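Chain IDs A, B, C, D and E follow the sequence of writing; residue 1 opens each chain.
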Amino acid sequence: MQKSPWIIHYDGSSCNGCDIEVLAALTPMYDVERFGVINTGNPKHADIFLITGSVNEQNKAVIKNIYDQMPNPKVVMAVGICACTGGIFRECYNVLGGPDKVIPVDLYVPGCAARPESIIDGVVKALELWEGKRRKRTGRESIQT
Amino acid sequence: MPFFTISKTILRSLFGRPATLMYPAVPREYVEGSRGHIEIAVESCSFCSLCQRKCPTEALSVDRETKIWKIDRLRCIACNFCAEACPKKCLSMATGYSPAVTSPGETEEHHA
Amino acid sequence: MRTIIPFGPQHPVLPEPIHLDLVVEDETVVDVIPSIGFIHRGLEKLVEKKDFQEFVYVAERICGICSFIHGMTYCHGVEQLMKIEVPPRAHYLRTVWSELSRIHSHLLWLGLIADAFGFESLFMHSWRLREKVLDIIEATTGGRVIFGSCKIGGVRRDIENGTLREIAAKLRDYAVEYKDLGNVFLNDLTVKRRLCGVGVLSGPDALGLGSVGPMLRASGVAQDMRLLKYAAYGGIDFAPVTAEEGDSYARCAVRIGEIFQSVEIIRQCSEKIPGGAIEIKVTGLPEGEFYARTEQPRGEVIYYIKANGTKNLERLRVRTPTFANIPPMLKIMTGCQLADVPVLVLTIDPCISCTER
Amino acid sequence: MIESQDFRETTPERLIGEVQGMRDAGYRLVQIGATRTEGFEINYSFDRNLEFVNFKIRLADNTEAIPSISGVYWSAFLYENELHDLFGLNIKNIHIDYQGHFYRVARPAAFAEKPPPPKIKRAVKPTAGTEVKET
Amino acid sequence: MDTLTLILYVAFAPLLGGLLAGVDRRITARMQGRFGPPILQPFYDVVKLFNKENLVVRRSQTVYIIFFLAFMVFTGGIFYAGEDLLLVIFSLMLANTFLVLAAYKGSSPYSAIGAERELLQIMAYEPMVLFYVVGIYMASKTFYIETIATTQHPMLIRFLPGIFLGFLYVLTIKLRKSPFDLSTSHHGHQEIVKGITTEFTGPSLGLIEITHWYENVLLLGMVSLFFAPNLWLGAGVALAIYLLEIFIDNACARARWQFTVFSSWVVAAVLGFGNILALTLFG
């Protein structure tokens, strides 16, 4: 099992609600660092791309760019209703929808705002997906941890 | 002392118990009334589609003919508006969120 | 050496995507060029698709930090247009929730600014304390960030008087910890070195550049929209918290002062709250135009509501505090040190999602 | 209680003079915003110690030139760029003019479009998937 | 101190360094009121990194990183083999230079600023490190670590209290601890993301991590040298110092580079030079 998920968090057109919950998941009450999570802020160091909020004209390129900069294997996690489907803003003229309009999304975490518990569950699930992708990529069991 | 003013707090934390809730090893107990997900007692639903019309995100769809009530969990913002609108009071807000899924997938259907 | 450093839109813990091109000479910032639009959703236009009652849910999601105050301001505006007399109990409940928002928002900000000057443990402890406020919020509204407890004509949930007094007592206990935390922010030498004299904005400048909220009050201008006596603020005893220096330290001090002020306001509410209904039935449709102004944690927010007697409003415009605070931010950033950029960006307590809507 | 709302009418020609007057009287620029009506309305709001004043300009359409007030209130450039990008208003001489790149939006000047007639009832439609409706 | 310790160092320093890093993260978390990651987390991280793709901007980057590691192992090796202290100091500096070079090759503004700041940090701590060498020499009359460590003489720290304190001050910089975590820190920080390490991915980043473990063990060895010939006491004190550094890390805001450089120089001048002056006059 992957034990060291490093996360990059990008906030699309969200309301902040999910972002602060993502941050809250890092803080003492929830402390996702228990699972080895580090919020790196640097796509080149990241394993999990965590997106909150929907995609619009302007951040489309940013999301694509971050995704491309991340080395394989990588998992994309859409957190919150906005990132899953566009949510309550789906009908806004400037909202294209969830990030799955631009990049492949591996995991959808619902909630408005997504609770830190949901985010933790999501991260745990993302780890399994990551491990699967790694196996596929290297075709071998992990160098033993 | 103007240096290390935080010492008391961090030393107390170091030797005390961490504030971490240890989820998921310890399951979370949600307070009563916490808005998590919508549940339906479909046997009392009259398929009047009022909930569908009220839902601000169009997460619900109700089909009177086939008697199917559907919800897309990835659209629901847990606002409780549908439950307030339902004349039959068969919708209710339960605690705890719906789980993460790996594909946008299908809506959840409830048949009468 | 002249370099252009992109700051954002994606940046660790910078909670939101604003993009600044910093033109840097060695470590000094000589120019700042902002560009926005990363979160623009165009939600003001959504009033054309959602009816005015349903729109409360959208208004709440303009921003997840002062979510409640957004919802309340929207309701306040529509109620004024429709001449709805909201029951006094609802007004008091709205006041309590507004102040709870303020406490959690300021604690959030304290954490972020601590992170901006590299004080990780202070960040963690601020957010640890914030969680306790969120617990109160969840117990009373059902949501941690999106309260969803306001509606046109009143509120959707009641808090019992006994519970309210318990909340006030709890907050009084927490205030002891807020004091410890405040002591670190206001007295620690390594912190003061990062805040004092950084980003000075004089009172007249602050007014001239249109800044609002703690940014304005930290420059010695005692302006606070709560003095307009919306919700129950008419019956509450309070005075705006101000500071004179106009630097980052002053802005920090103002926000810390406001946490204690909010605790006090909630105490007053718990004692003064009248009984009675919490909502009244809404009939009719809104018509006319109205500017609703309220005080968010970040400052004055404006809702311009124009209605033409149909179910859908004709126009909704939201001018959020961060939008008003961007020009002063650009001003204080020119000539600063690269290391001070995050501190300065954070001293306006930026919230981009409502800025761009 | 209802907050006092002071609405005054003005014209593009008189605008700069009025705004300068407010600045001299110590008012703070609160906001500039526009509304799509039959034509367009632009509101300039000011505040001095909670005393709220609002100037309104009415325009027949959005090609009419309006002078920028960013020479009087520097901070107005943000609002004016916003008006240009979202409403397509023609504001002259903004001192920092983004030339339409302040907001990059899917549909330029979307706010200048007339609102569609209100829908009576929403059509029943399947909600599966993340399909984004073309609006 | 001989080839045996050399081999022990090369084999076990990364284990010890990684373990220290793990304990560090756990204690830090506890100070912050959190539960914290597993003690073995740093190893998980590195293993993970070696499982990732290596995206490089320029190939020379990786070469520089390998040099960085090689020189660090060499430096630690000659230190623990009891060789010349002067050589240790200069090859340590050389190793760090490779990291800076690698970061400059990264060609992103963050890594360039990070590299620049790393140089400022080197500038800040170097005077004190030189005083350290001079002080140790004056107290023990030799540059040979083996001789320093094994000959019976009064404990060095009795002659070098100033140098000891000064060295602790710059140790905060070397261990990349707040308030002096300017060029990079364990967490990416707001000013420059991950600073000097921004442009490295996967295996290269893993190598940097391992190099830091070697370096930390070396630094703690340098601390324990103050307690020669009682090296066990020295090792104990070195660990205690490491805990103290964790505490400082959690109790300070990050300083600006100006403060870092000037305060280190003042400390070097007062404590370092003062101590040497005293030794010269009364020694």
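Heads up, the rule we're going with is that a contact is a pair of C-beta atoms (placed from the backbone, for glycine too) under 8 Å apart; a residue touches a chain by one contact, two chains touch by 3 or more.
Everything numeric in this text was worked out from a predicted model, so none of it was measured.
A.B. asks: Starting at subunit B, figure out the least number of steps needed to reach subunit E through touching chains.
C.D. replies: Minimum step count, subunit B to subunit E: 1.
A.B. asks: Give me the step distance from subunit A to subunit C, shortest route via touching chains only.
C.D. replies: Step count on the best path from subunit A to subunit C: 1.
A.B. asks: Which two chains does the highest number of contacting C-beta pairs join?
C.D. replies: A-C
A.B. asks: Return the chain whose centre of C-alpha atoms lies at maximal distance from the corresponding centre of subunit C.
C.D. replies: Between subunit C and the rest, the longest centre separation is with E.
A.B. asks: Which chain's mean C-alpha position is the greatest distance from subunit D's?
C.D. replies: Looking at centroid distances, E is the chain farthest away.
A.B. asks: Counting in whole Å, what is the centre-to-centre distance of subunit A and subunit E, each centre being its mean C-alpha position?
C.D. replies: Between these chains, centre-to-centre, one finds 34 Å.
A.B. asks: In angstrom, rounded to a whole number, how far apart do the mean CA points of subunit C and subunit E lie?
C.D. replies: Centre-to-centre distance between subunit C and subunit E: 43 Å.
A.B. asks: What positions in subunit B touch 2 or more of the other chains?
C.D. replies: Counting only residues that touch two or more other chains, subunit B contributes 3-6, 10, 13, 18-20, 22, 56, 72, 74-75, 77-79, 104.
A.B. asks: Could you check subunit C for residues that touch two or more other chains and list them?
C.D. replies: In subunit C, 11-13, 37, 40, 42, 45, 49, 57-58, 61, 121-122, 124-125, 128, 131, 143, 146, 188, 190, 356 touch at least two other chains.
A.B. asks: Pull out every residue in subunit E that's touching 2 or more other chains.
C.D. replies: 29, 31-36, 187-188, 193, 250-252
A.B. asks: Provide the residue numbers of subunit C that touch subunit D in the complex, in ascending order.
C.D. replies: For this pair, the touching residues of subunit C are 35-37, 40, 42, 44-45, 48-49, 80, 207-210, 223, 225, 227-230, 234, 289-293, 300, 302, 304, 306, 310-312, 314-315, 317, 319, 323-324, 326-328, 356.
A.B. asks: What residues on subunit B touch subunit E, complex-wise?
C.D. replies: 3-7, 10-11, 13-14, 18-20, 22
A.B. asks: Per the contact definition, I'd like the list of subunit C residues that touch subunit A in the complex.
C.D. replies: 9-13, 15-17, 37-43, 45-46, 49, 57-58, 61-65, 67, 108, 111, 123-125, 127-128, 130-131, 134, 143-146, 351, 353-354, 356
A.B. asks: Taking the complex as given, what residues does subunit E use to touch subunit A?
C.D. replies: Subunit E reaches subunit A through residues 25, 29, 32-38, 41, 43-45, 47-55, 187-188, 193-194, 197-202, 205.
A.B. asks: Could you please specify the touching residues of subunit C with respect to subunit B in the complex?
C.D. replies: Listed in rising order, the residues of subunit C that touch subunit B are 50, 54, 57-58, 61, 121-122, 125, 128, 131, 135, 138-139, 142-143, 146, 148, 156-157, 180-181, 183-184, 187-190, 192.
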